Amino acid sequence: MTSLPKDSLESPRFCGVPSFMRLPMPATAEGLDAAIIGLPSDSGAPFRTGARFGPNAVRAMSVMLRPINPYRGNINVFEALRVADLGDAPVVPGYEIDSLEWIEQAVRKVVDAGAAPCGIGGDHSVTLAELRAVASKHGPLGLVQFDSHTDTWDKYFAGKRYSAGTPFLRGVEEGIIDPSRSIQIGMRGSLFRDTDVSQSLDLGYEVLTTDDVFDLGFEAVAERIRARTAGGPSFLTFDMDFVDPAAAPAVETPEAGGPNARETLRLLRAIHGVNLVGCDVVEISPMYDGPGQITALLGATVMAELLALMAEGRTAA
Amino acid sequence: MTSLPKDSLESPRFCGVPSFMRLPMPATAEGLDAAIIGLPSDSGAPFRTGARFGPNAVRAMSVMLRPINPYRGNINVFEALRVADLGDAPVVPGYEIDSLEWIEQAVRKVVDAGAAPCGIGGDHSVTLAELRAVASKHGPLGLVQFDSHTDTWDKYFAGKRYSAGTPFLRGVEEGIIDPSRSIQIGMRGSLFRDTDVSQSLDLGYEVLTTDDVFDLGFEAVAERIRARTAGGPSFLTFDMDFVDPAAAPAVETPEAGGPNARETLRLLRAIHGVNLVGCDVVEISPMYDGPGQITALLGATVMAELLALMAEGRTAA
Amino acid sequence: MTSLPKDSLESPRFCGVPSFMRLPMPATAEGLDAAIIGLPSDSGAPFRTGARFGPNAVRAMSVMLRPINPYRGNINVFEALRVADLGDAPVVPGYEIDSLEWIEQAVRKVVDAGAAPCGIGGDHSVTLAELRAVASKHGPLGLVQFDSHTDTWDKYFAGKRYSAGTPFLRGVEEGIIDPSRSIQIGMRGSLFRDTDVSQSLDLGYEVLTTDDVFDLGFEAVAERIRARTAGGPSFLTFDMDFVDPAAAPAVETPEAGGPNARETLRLLRAIHGVNLVGCDVVEISPMYDGPGQITALLGATVMAELLALMAEGRTAA
Amino acid sequence: MTSLPKDSLESPRFCGVPSFMRLPMPATAEGLDAAIIGLPSDSGAPFRTGARFGPNAVRAMSVMLRPINPYRGNINVFEALRVADLGDAPVVPGYEIDSLEWIEQAVRKVVDAGAAPCGIGGDHSVTLAELRAVASKHGPLGLVQFDSHTDTWDKYFAGKRYSAGTPFLRGVEEGIIDPSRSIQIGMRGSLFRDTDVSQSLDLGYEVLTTDDVFDLGFEAVAERIRARTAGGPSFLTFDMDFVDPAAAPAVETPEAGGPNARETLRLLRAIHGVNLVGCDVVEISPMYDGPGQITALLGATVMAELLALMAEGRTAA
Amino acid sequence: MTSLPKDSLESPRFCGVPSFMRLPMPATAEGLDAAIIGLPSDSGAPFRTGARFGPNAVRAMSVMLRPINPYRGNINVFEALRVADLGDAPVVPGYEIDSLEWIEQAVRKVVDAGAAPCGIGGDHSVTLAELRAVASKHGPLGLVQFDSHTDTWDKYFAGKRYSAGTPFLRGVEEGIIDPSRSIQIGMRGSLFRDTDVSQSLDLGYEVLTTDDVFDLGFEAVAERIRARTAGGPSFLTFDMDFVDPAAAPAVETPEAGGPNARETLRLLRAIHGVNLVGCDVVEISPMYDGPGQITALLGATVMAELLALMAEGRTAA
Amino acid sequence: MTSLPKDSLESPRFCGVPSFMRLPMPATAEGLDAAIIGLPSDSGAPFRTGARFGPNAVRAMSVMLRPINPYRGNINVFEALRVADLGDAPVVPGYEIDSLEWIEQAVRKVVDAGAAPCGIGGDHSVTLAELRAVASKHGPLGLVQFDSHTDTWDKYFAGKRYSAGTPFLRGVEEGIIDPSRSIQIGMRGSLFRDTDVSQSLDLGYEVLTTDDVFDLGFEAVAERIRARTAGGPSFLTFDMDFVDPAAAPAVETPEAGGPNARETLRLLRAIHGVNLVGCDVVEISPMYDGPGQITALLGATVMAELLALMAEGRTAA
């Protein structure tokens, strides 16, 4: 079975209610290899909020994307991989812990149906919910995290343990992330404490700063990702603040000095051989985009590249 | 059969891909009393363009609306009237005449299924296509037109007969509008020729300027509408530039000095006893809205009021 | 002791970090009659979020206001009333219940120091926290609520009892609102249930819709407010969505068809003789304002009018 | 001789570099009755700046206007009055006094050629320069000032005598305004000193507040303007902050609570029999407009109404 | 004869109605070497529209540019090349084929007067009209196309042969492009069909992807352009979507991952020895720019570089 | 004594009126090593204005920054350097010369108290005022100027000697800049005269264009800065238009083709061993930023890097 998007050479892309890349919107994930699912929670956001509107903003720009990926041998992603858009998980705004539970349940349905969840956030705390759902089937996961922050703090305001700043400590504590197969890429900028980065190393993560990425080169970084995650299933999480604010202004915690869009895509396109059982693109708060909506377009493009990476893996397998 | 929208006290309104008022999106109009249909064409726009994005902008704001209308006896609109959102008619951008044909065909399917089409434009030329489809079933129609311009010019640039400035001359010429049961409401502002208004009178329309509306009072205007359209089926078309640009900035041809939102809604809520077989809200170009998207919200509210007017009629019948 | 704002005929208003109306910013409320306090929580917001940035947006526009109020006998508000800006209460984003507790504690310090808290929200749930603090000193309060919604629902998503939709049922249940001395003004628009308004009447509130306000006239409404609240201390809460979205686009739940700014101010300026022991202006989410920031300016103007009302009362006493 | 604008039913309004209402742009005012002239100075602005871009913003929106005015007997303004757009006066940004001198010289050329200058500002201090130029030919002028502020302060920051807050005291001192034939209309909002309004009365101006305008009614106000200015030549200055910020957000000193666009235009259209020898529309700072540019459109519409008032006078004469 | 722009060290750049780089605006191209001409048509736009406002947006930002180009030996472009701004070609909005005809006629007048047309679009279909006009004098042209898409599809919606997606197939079919002297530079992103790029190769174009540009280096690409176009007259067309959306958000079909502004300009400045008989910059839709208008500024800068390239050629000749 | 900012892991960054990096706001500079001071003057701006709102825009985004700088050995800047935010210098809008005098006086108080002034502009003319104040204590200063323009013109409009285009000629003339220890970095773009760059060389400055910066490499440029300024105290001035408009759109005179944010920060972080006695970041006009406010964020980040450079110097000393 294949589920193909509408052909934008036949009907204008602005026609119709926008699903991700104009894919079908079935009621369940049955028969799918991968499922787009919106995770519209921003209860974990410590500064800018509004990522609850992220999934639909990404969908609206994703209609500009086309199914064939020339960076992986002109693969038609949707012929290689059965994908659909399942709409959004329900959330409870203002109630972080309940929201994570509801998201976990929604993602678990996708996982239980045999499909890889492809989440569109939402603040970064939603990844913890996804990891819980995916690990319930696949066991401890390798984590590939693109981000300008480690998000491995212990607590945030009022001693709360759940926020966009803590998921990757919680995930290790809960045994759903295998830090020895995990890597954090893109850290940069000023720090709260002098342990902001070392706390990740202490947990067992490999960490590459933004400067490391440019000093090593994209090919070498891609190879490190492959090597680090080898031997098991992995989850790739892409926080849009990995990218420089000039190319991704609409994020919740922008950090000046990141890679631009071309560099980001060239790095993603260099990755091969990672066994992805789930992925997400998070932290898009569309009110902070200008009218050009470039953050949403780049977020959609990143997700399309992740789908192509999955499709390549399936074709290779 | 009833087709109820999602309950926004149960799931947050920002969850899910937005259909009009969170209504179901079936494939056809079968079994419906009324059908929302987007008409995303702006090929008829003589100045500002971008109304191709109007339907989805209205949908996105319509999720804030609720099903019960207190201005018509707390009627639950969707229990009284079976309504759904059918998505958009296809169009051919840059080809005005083809676009009108494609829209007519799409609307004709709605009409043939027995439902009243409720269009969301698109520039005002789309109304001509709707009128053709609706009149093919119901015969010559009474027209209730809210607008700051008469749109009864003969030709526009390069002698073209089809544009947003000509539909209500064309409709009379084509015999699908019955001017003796038609009324134009809201004309104001500077004129191209000194016949801009009299050309409508010459065609047989009744014309009320914006000043007339305030001098007569809303109740009297509503009664004139009822009296004028009595005796047959009617189509109500609402050009958002009827409203003042402060309350509806995102229109294609704004005209300073119109009614505000409260006055507009009070006038619409005063109308009773019109036999509507179709309606539309047109000329919303969302790029010209500010971040508050007040034009789209008001457009959605106007459409909800028109649905309530239809529902009241059905309940009364 | 008086605490006067900087004179904007002496130093430009754009000079310096903006406090409310350029007032001093002491560490505590000691010696004050009234204290501006920001309540930057949006964890109760069911749709649009971002009111956490409301207090500073209002401050930034408030520097345009001047100390003398010609609508109450050219009173110099800050000579009649000792006012200062205390900065913001701390909150816990994403944790609604904790946020309300922290806000209550911060407001209680103001109340305990003998000053009337003048809150700038924040979503409407912050008013519950303020009422708890104020009632702890003054006992059950008369409530004067300007709003397009009653906010007296019992529960919201996931059965949660605390959100921007529930404070004025909770307040009655907690015995801190005296509904027999309370009035809700401005209700309008479509409803979730046909009990949306009657649930307030059943609780004992007087309710005036937006249409009632115009049918009665501003003077009569102001007199009703005075009469209704007579005999005890009152709290006035002003939800910016009372105002039409054309004049206040930057609200969390806009409702088309409200009073404009002139009508709103004329109504507020007609109120006399209410014994205010606290007040607030809430639901400003500045990302939804255009560059003109008209919602923030109007919010600041409303607060300045409430201070003038307090000052008049003190002068009269 | 007539100088007609391009016909927007023949060529689209967006074609070509926009002059005011698509009028010709001759090198001098020879042979003209009235001349549009941009006055792009904002050196007098005490708060928001950017009015240097006002003239071109007004021109860009003015292309939507048409030559025939139905509110004055379907007069074709440009057949009755020879008008052209002379471009902008040069200014010296950051040097208020030099800028006023350069503007005066540019306007004097218009006046000396026998045309009435129709200025587009620029902050309100530019009116002083215009008055100097016009009075050099016509003697002391009656002033009709629409504004929410009196602008009759003596000094501003650093004791400077020239700014947007002082022109109408300076004009009286310089003997170029005859206060006994002058009227200020629209004052409202909070005051710096309790003499902000009485200082105008002391100078001999008649002053109507915004509340006065509504209490008297538009017809009565228009008659007062006619009566007050009778017996000599007058200059009409329209500060856009006369209008409510919802309809005119892009002003330098917005004041909540003014008339809306419909009310403003109805008042202007009620004026007859004023002998205008010059006029202006000032204080438009287009960066504060949203994408709909409603302030610029309203400013252009106001200027078009003033031209129609002049044309009516000429036809009557 | 030289025609110099206004000196922006003498009069502020914001003074006066903006022509391109403040150049004179004569009625015809007589005596000119090159002529700026706006081509405000967006009837060919398949997704975002609004490029009808592109020419004036580019003009408004072009006033920031200065006449001397330090990248080509401090050449004063307007002393070496007689240039003026001829305003806009007329178009027929909503009628793609008529618009192309009208544009062709307007450009033909420029060509017939002996000047090189320098078009500012408008969607990319306008280039077909320009090529027709230029080839009518110079014969089949070498084409240098900067673009992220090939625009060599055969048909678009409804089988239409004319749109922004087809001009460079049509041009080959019509014999006005010589593909053997033509090169397309910048292709990237996802594809509709796996022949999206090969269809250009099959037509005879040389094609360099964005990745090719970076792998070869700017100097090598510039040399390829020179070599490819040698031996005859050429037309250079610059689609702004060649550039990354971070630097050019206001395009009709943005494609993430392109060169930034510095890289783009360095490439253009490396080009020498191309015999340009016409050029254009297209696909700027200014509503999608933020308030900084960076796309319009970059578009103006690109055009200024193309004028410098022409001037260098003339000086060398 | 240390003066530490609020900890943003303890209280949300959006709580409270924003000072720079949430630092304390004492009344004077006593006891400080460095003092942030806003310089809100835009009277020197020749094109875009509005930098008077720059200081508060930078403060609002600076709350996202954290105290520890990993690029200089995880130094805690505020433990190494006593810093506070002193608010803004007063200015006289529209009076350039008076504004410079008032700024000089305010900065002189900082200098006299023994602290290094860290200015936030404001247009670039404010740097002349700072240099006067700093040189009054330290004698002629080495100048490190990041900028796309030399700002060494002699006169601007109307022969005025003081504007944003002249401070670095004036500073040499006044003997407060020692050009032999000074360097200008980042020049690019089109020129007014062919002496725009050579006039700086003639004055004795070293000049590196943007192309030079990339050709030499960041490390080499940083070493040149160290070598050039050796032997005495220096002032570093950072004009935000050094950066490309994609990363810094909100500047007064944008120049396409500059370094991006990552390149800019890498260059700044490579600088060591410069004896800074003052610095500034200027030319931020926040109305030209999109909603993401990326220019303000980058400006705040640049200032934080300059503070770290100072702190490193103090630690080393």
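Every chain is named by a letter (A, B, C, D, E and F) in the order it is written, and numbering of its residues begins at 1.
Convention: a residue touches a chain if its C-beta (ideal position, glycine included) is under 8 Å from a C-beta of that chain, and two chains touch if they have at least 3 such contacts.
Model, not experiment: these values are computed from the prediction.
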In contact with chain D as well as chain E, sorted by label, we have B, F
Chain D turns onto chain F (C-alpha superposition, degrees, nearest 5) by 180
Across the interface between the identical copies chain C and chain F, with over half of residue numbers shared counting as same and under half as different, the residues used are same
Maximum distance between Cα centroids and chain C occurs for chain E
Between the Cα centroids of chain B and chain D the separation in whole angstrom comes to 37
Here the gap between chain B and chain F, centre to centre from mean Cα coordinates and rounded to Å, is 55
Note: chain C sits from chain A at a C-alpha centroid distance in Å of 40
Where chain E touches two or more other chains simultaneously, the residues are 11-12, 14, 46, 52, 90-91, 93, 157, 244, 246-247, 260, 287-288, 290-291
Pairwise, the chains that touch are A-B, A-C, A-E, A-F, B-C, B-D, B-E, C-D, C-F, D-E, D-F, E-F
So, in the complex, the side of chain D touching chain C is made of residues 46-47, 153, 156-157, 165, 189-194, 196-197, 210-211, 244-246, 249-250, 253-254, 256-260, 287-290
The residues of chain D that touch chain E in their complex are 11-12, 14-19, 25, 38, 40, 52-53, 56, 59-60, 85, 87-91, 93, 287, 291
Listed in rising order, chain B residues that touch chain E in their complex are 42-46, 49-50, 52, 90-96, 98, 102, 157-158, 160, 162-163, 287-288
Within their complex, chain B touches chain C through residues 7-14, 64-70, 74, 76, 244, 246-247, 260-262, 264-266, 290-292, 294, 297-298, 301, 304
